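Each structure below is given as structure tokens.
First chain A sits with chain B, and in the next complex the same chain sits with chain C.
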Partner chain A sequence: MSDANSRDFLMAVRTRLDAAPESALLLSTFSLLLLMILVFSFTADQFFTLAVLRNVLTQTSIYIILGVGLTIVLTSGEIDISIGSIIGLGAMVLAVSVVNMGIPIGFGLIATLLVGVLCGLMNGFLTAVVRVPSIIVTLGALTFFRGLAYLLGGGTALVGFPPFLVWIGSGTVIGVPVPVCLALITVVLGQLFLKSTRTGQHIIAVGGNAEAARLAGINIRFSKILAFVIMGVLSAVASIIMVARLDAAQSVMGAGIELQVLAAVVLGGTSLFGGRGVILGSVLGALILTILQTGLLLSGVVQFWQLVAVGILLIAVVAIRISYEPSEVRP
Partner chain B sequence: MNVAADKAVEAKRGSVAGVLRDWLDGRSDAASVTTTALMLVALILLFYSVNERFISMRNIVVLLNQSAAYIILGVGMTLVITIKGIDLSIGAIVAVCGMILGILLVNNDYPVWLAISAAIAIGGVCGAVNGYCVASLRVPALVTTLGTMVLFRGVAYVVLEDNILFRYPEELLWIARGRIFGLAPAVYIAAITVIFGFVLLNHTRFGKHIIAVGGNAEAARLSGINIWRVQFLVFALMGVVSSFAAIIWVARLNSTQASVAQGVEFHTIALVVLGGTSLFGGKGLIVGSLLGALILSVLENGLAITGISSFVQQTLLGLIFITVVALRTLQAREASQADEPM
Partner chain C sequence: MDLRRQCPNRYPEVMLLSSGTQTKTDRLAPHAEAGTPVLEARNIHKNFGGLKALDDVSFHLNKGEILGIVGDNGAGKSTLIKTVTGAYRKTSGEILLNGKPVEVENTRRARELGIETVYQASGLVEVMDAPSNLFLGREMTRSNWLGNALGFINRRMMRIETVELLKTLNIEVRNLAAPVRNLSGGQQQSVSVGRAAYWQGKIIILDEPANNIGVDQQRAVLELVERVRDSQGVSFIIISHNMDHIFNLADRVIVMRSGRMVGDLCIADTSRAEVVGLITGATIT
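== the complex of A and B ==
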């Protein structure tokens, strides 16, 4: 390739990147994922076995489901750090209704999802209507929901779930684990919702510029509350999968998961300041986190170094990404 | 709107009622602090009515000792939030500083002053890492400190693994267990930190710069303030202050492990917000945070004295926090509407 040709090519790539920052973000995240898989295929012998792959995917599915929700919330310009506690509360509602009270599993699942809706409604109401900053609302909710979970179930593990729930955790549909199927459905629905529905576009607009959105007649309150409700429901779904995988429920379930999910979403290129949500990026971000952890483990690295690696990776990726953004986008 | 206009006119006239209402509206910093103080007094009276032992010399000493570390962290976090930042890594910094103390004092026999200096230096370095990422690399504070939270905690785990280090020298334990005029030295350290933070924020040029950067970074930059320096120093200071908290913690527990002080960051943010510091930057109330820390300690201590189960306690804490913040937000909104041009 001649010099002029390659320059043209670079220019074309750059215009392409400027015109479609989202695909550029996806591309960079995807390259990182490929790079990591490549490295680990050399350092860890068993990395490419079907069992490992399946395990990685099943583990990631919970992060992916939560990541889709958090992407939508961040896109609307808000944040939710109470999701771990919603999971704990959801798990306890499921366990107390199905195990302790003997309610049929179908109703138990519906009750759990309803609790997710209620939690999301509370967060959304306080954020959008009372207008308390969402980080504070969900900080309080984090304590409150976890307290409720403990009140419901106490400190012990509840076991003895019906076979259907166990199937959700460890069954397969045409060879694909059920959690992975659920994650796939969530991603497809989330992507369609955010990109192709009017309400999804409204959420992007509200997060990008709330004042302009208001002047354009968009109902800001509704958009934000809806984002929180979606997050709540998806947290409930995640809690069901977690309980199903362990075949046990505990009040402490999901503690600290919000930070992992936030890291996955930010790795995927979603903006913390609203208006830009990359759902597929969050999927890749979640995969990166799980693969990094599994890969290091299989490479024989002492478990605790994983934490160090995750921390450095997160800051490095975001720092590099920000250095490429046009300066007016910077906070 | 009429009501708001009336209020404004009344306040201008300087009538007693107008001034009082203005005061309670939460328009001035002093008013926010007053509301927080009233909340604290109300809580103390409430718990006193439940159990008379609540206001005993003994319980007050315990309460102050318990809240010393939080007060110190609260001062640092107030500065961080005033520049519109946030620091989730303080619990991990406490763990790293505790790790240094453990290595130097338990595994080796270094003098206590050296170990304390090393812990403070490490705290400063951790804070400087945060400051560098936020100020130079322009990574949002939330992401930076989320990353360093995992990173620093990881370092503590790599070094300490699952070990618990204990049997610290008496000189270190004295910081939390000794008594000067009936109170632990830790309480005096907290008091000095509060005074330092208050003077720094309200009576120095640097403090004015902090408030300016948090209020409107662009305007601050145009008026010649070195934003980089302000952000870097505030995060570094948060790290130093976290090391004080670590020293007090280790001295009180007489032990360290990698998992120490997990979740402390949320507790600290909560107390700063209870104290009336604005999360939107530009308004920091050091005294408010002091009161916020006392409120949280009084709540925990008081609920424990009533004998309610810890599950109910946690639920109540969350509920009270949400209610107070919601009320305060509504109050502030009403006040800002009154300020709007008619």
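== the complex of A and C ==
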């Protein structure tokens, strides 16, 4: 009797979740996060200290900001693997303008954000108008932007930033670290944009079914270019935070970060094929990755094993998801 | 072999005028006499490079009429429709709406003119829910500054409108928050037809409305077409391979073969054999 009841209950839950795939994804990602915290609370002694928590959040904030951008780009049906290089270029523009040329920090920050806009415009234009596949465009942009960063700043670290920048890196607002505040703002704005505005809906539609979107009169080019520009700006924001935290800038900054951000976003349930972007999932995904690394470290696991663990986790999560929703698998 | 027959119009005053000219060899429908057709295409040519996809096709659609377009694969049915709806640019020819010449440059313009199209598969974004699809590209925004300046959509209003529409048209969709991918093929097609009706299309074009959906659901979609026609006076053009659907639903049928229109027949006085003969090019005795 109770067996039948619980089966009914499970069926009902399943039907609900089928009808709301994003909630289902969020639920599964959140469960994974909780499980991980539970495990590490046993294996790592200092896991639940305020200092660790604060450190984890600050560290994750960069991944969260980039994750929001990449979620939007993936939702539009494209990909951007040049974000690490945009960070490098942004850091160099900030350092050269503020440290070498003595431009006021405000203008330096604006210049950095503008560079992000330009990088996004370039990626978006080549993808949406020239119609080169975005994986190729941003692969090219990956070395192109990095090359520009080295040309601009050379190979050495640039130091000597004004106090305001240092505050962005290590200051707090009512006890919350500034990078965490920036990440929070990004998540709220990103979520509102993607789910609650016409333009956001158009990006989802373009990634979900470009032909249907076109026939409905949606401007596909604009939607895709906008997604890349948002990604560019958020990369610039991330570069500012990175420079601020280190109080130094280097051309190599951000190298390889795109793959970690991609891992976080995919963990969060965003589709690589477009049309489904789960921004809150990307936040959870980024938290999972940082907590996994911190937790293993505090549990005394050798760093090489951390890399192995992250890889296994990513593939396992995606494999389990695919087995639960066969309709998601596309050739 | 090329058959054009006049149809008695659904509207009596028109019927009086046109009944006198009913002959078998009438080359062009005398639109001036038969009341102004809501849509008329004259001498449409469409070339893809050297290929003549449409060769001097002329047809008209009367108010409240359901016009079937039949023909073999590659006969030019879809090309004809896409030319009329602005999805393709015609090479030459003229399109008239209610007797006035119009330029249909793109699909957006077609919709502004009241021509809505329901495509075989690609019309809906499968990952979005029914209200989002109903308002795709024409989302309702909030009436406050959030909506005006930032384009914040009004999900609640869109949902209310969707519920209302589905109730009016007797379309059953169980979960409005679910992505339309979770709906059956017939329900998806109904949402598409409902969308066209909601946006007050004066002319709704359906491209193979019954492809890939179950028999019961096919009937539901066809009944929906009749309901929309009867309640809102909409004119329909239906492309179909299915003779049963054409003969059950349409008032008139035009037959395409190799880019040419080879028949324009009233359903009431033709037979399946005759239509099939025109499609394949076999001789009729």
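Here is the rule we use: the second predicted complex is superposed on the first by the 325 of 331 C-alpha atoms of A that agree within 3 Å, B and C clash if a C-alpha of one lies under 4 Å from a C-alpha of the other, contacts with A are read in each partner's own complex, and residues count from 1 in each chain.
Methods note: a residue touches a chain if its C-beta (ideal position, glycine included) is under 8 Å from a C-beta of that chain, and two chains touch if they have at least 3 such contacts.
Quick caveat: nothing in here was measured; it's all calculated off a predicted structure.
Enquirer: Which holds for A:Val176: it touches chain B only (first), chain C only (second), both, or neither?
Expert: Neither chain B nor chain C is touched by A:Val176.
Enquirer: Return first, second, both or neither, reflecting whether A:Ala216 touches chain B, chain C, both chains, or no partner chain.
Expert: So A:Ala216 only meets chain C here.
Enquirer: Tell me which of chain B and chain C touches more residues of chain A.
Expert: Comparing touch counts on chain A for chain B and chain C gives B.
Enquirer: Contact-wise, after the overlay, does A:Ile185 reach chain B, chain C, both or neither (first, second, both, neither)?
Expert: A:Ile185 contacts neither chain B nor chain C.
Enquirer: Is A:Val159 in contact with chain B, with chain C, with both, or with neither (first, second, both, neither)?
Expert: Neither: A:Val159 stays clear of chain B and chain C.
Enquirer: Does the superposition put A:Met101 against chain B (first), chain C (second), both, or neither?
Expert: neither
Enquirer: Classify the contacts of A:Thr197 with the two partner chains as first (chain B alone), second (chain C alone), both, or neither.
Expert: In the superposition, A:Thr197 contacts chain C only.
Enquirer: Return first, second, both or neither, reflecting whether A:Pro21 touches chain B, chain C, both chains, or no partner chain.
Expert: Second partner only, chain C.
Enquirer: Shared contact residues on chain A, chain B side and chain C side combined as an intersection?
Expert: none
Enquirer: Can you check the complex and tell me which residues of chain A touch chain C?
Expert: By the definition above, chain A touches chain C via 18-21, 192, 196-199, 201-202, 204-205, 208-209, 211-218, 275-276, 327.
Enquirer: Would you mind writing out the residues of chain C in touch with chain A in their complex?
Expert: 87, 107-108, 111, 117, 119, 122-128, 132, 136-139, 141, 150-153, 155, 175, 177-179, 181-182
Enquirer: What part of chain B is in contact with chain A in the complex they form?
Expert: Touching chain A from chain B are residues 86, 88, 133, 137-140, 142-144, 146-155, 157-158, 161, 258, 266, 269-270, 273, 279-280, 310-319, 321-322, 325-326, 329-330, 333.
Enquirer: Given the complex with chain B, which residues does chain A contribute to the contact?
Expert: Going by the criterion above, the answer is residues 79, 126, 130-133, 135-137, 139-148, 150-151, 154, 259, 262-263, 266, 272-273, 302, 304-312, 314-315, 318-319, 322-323, 330-331.
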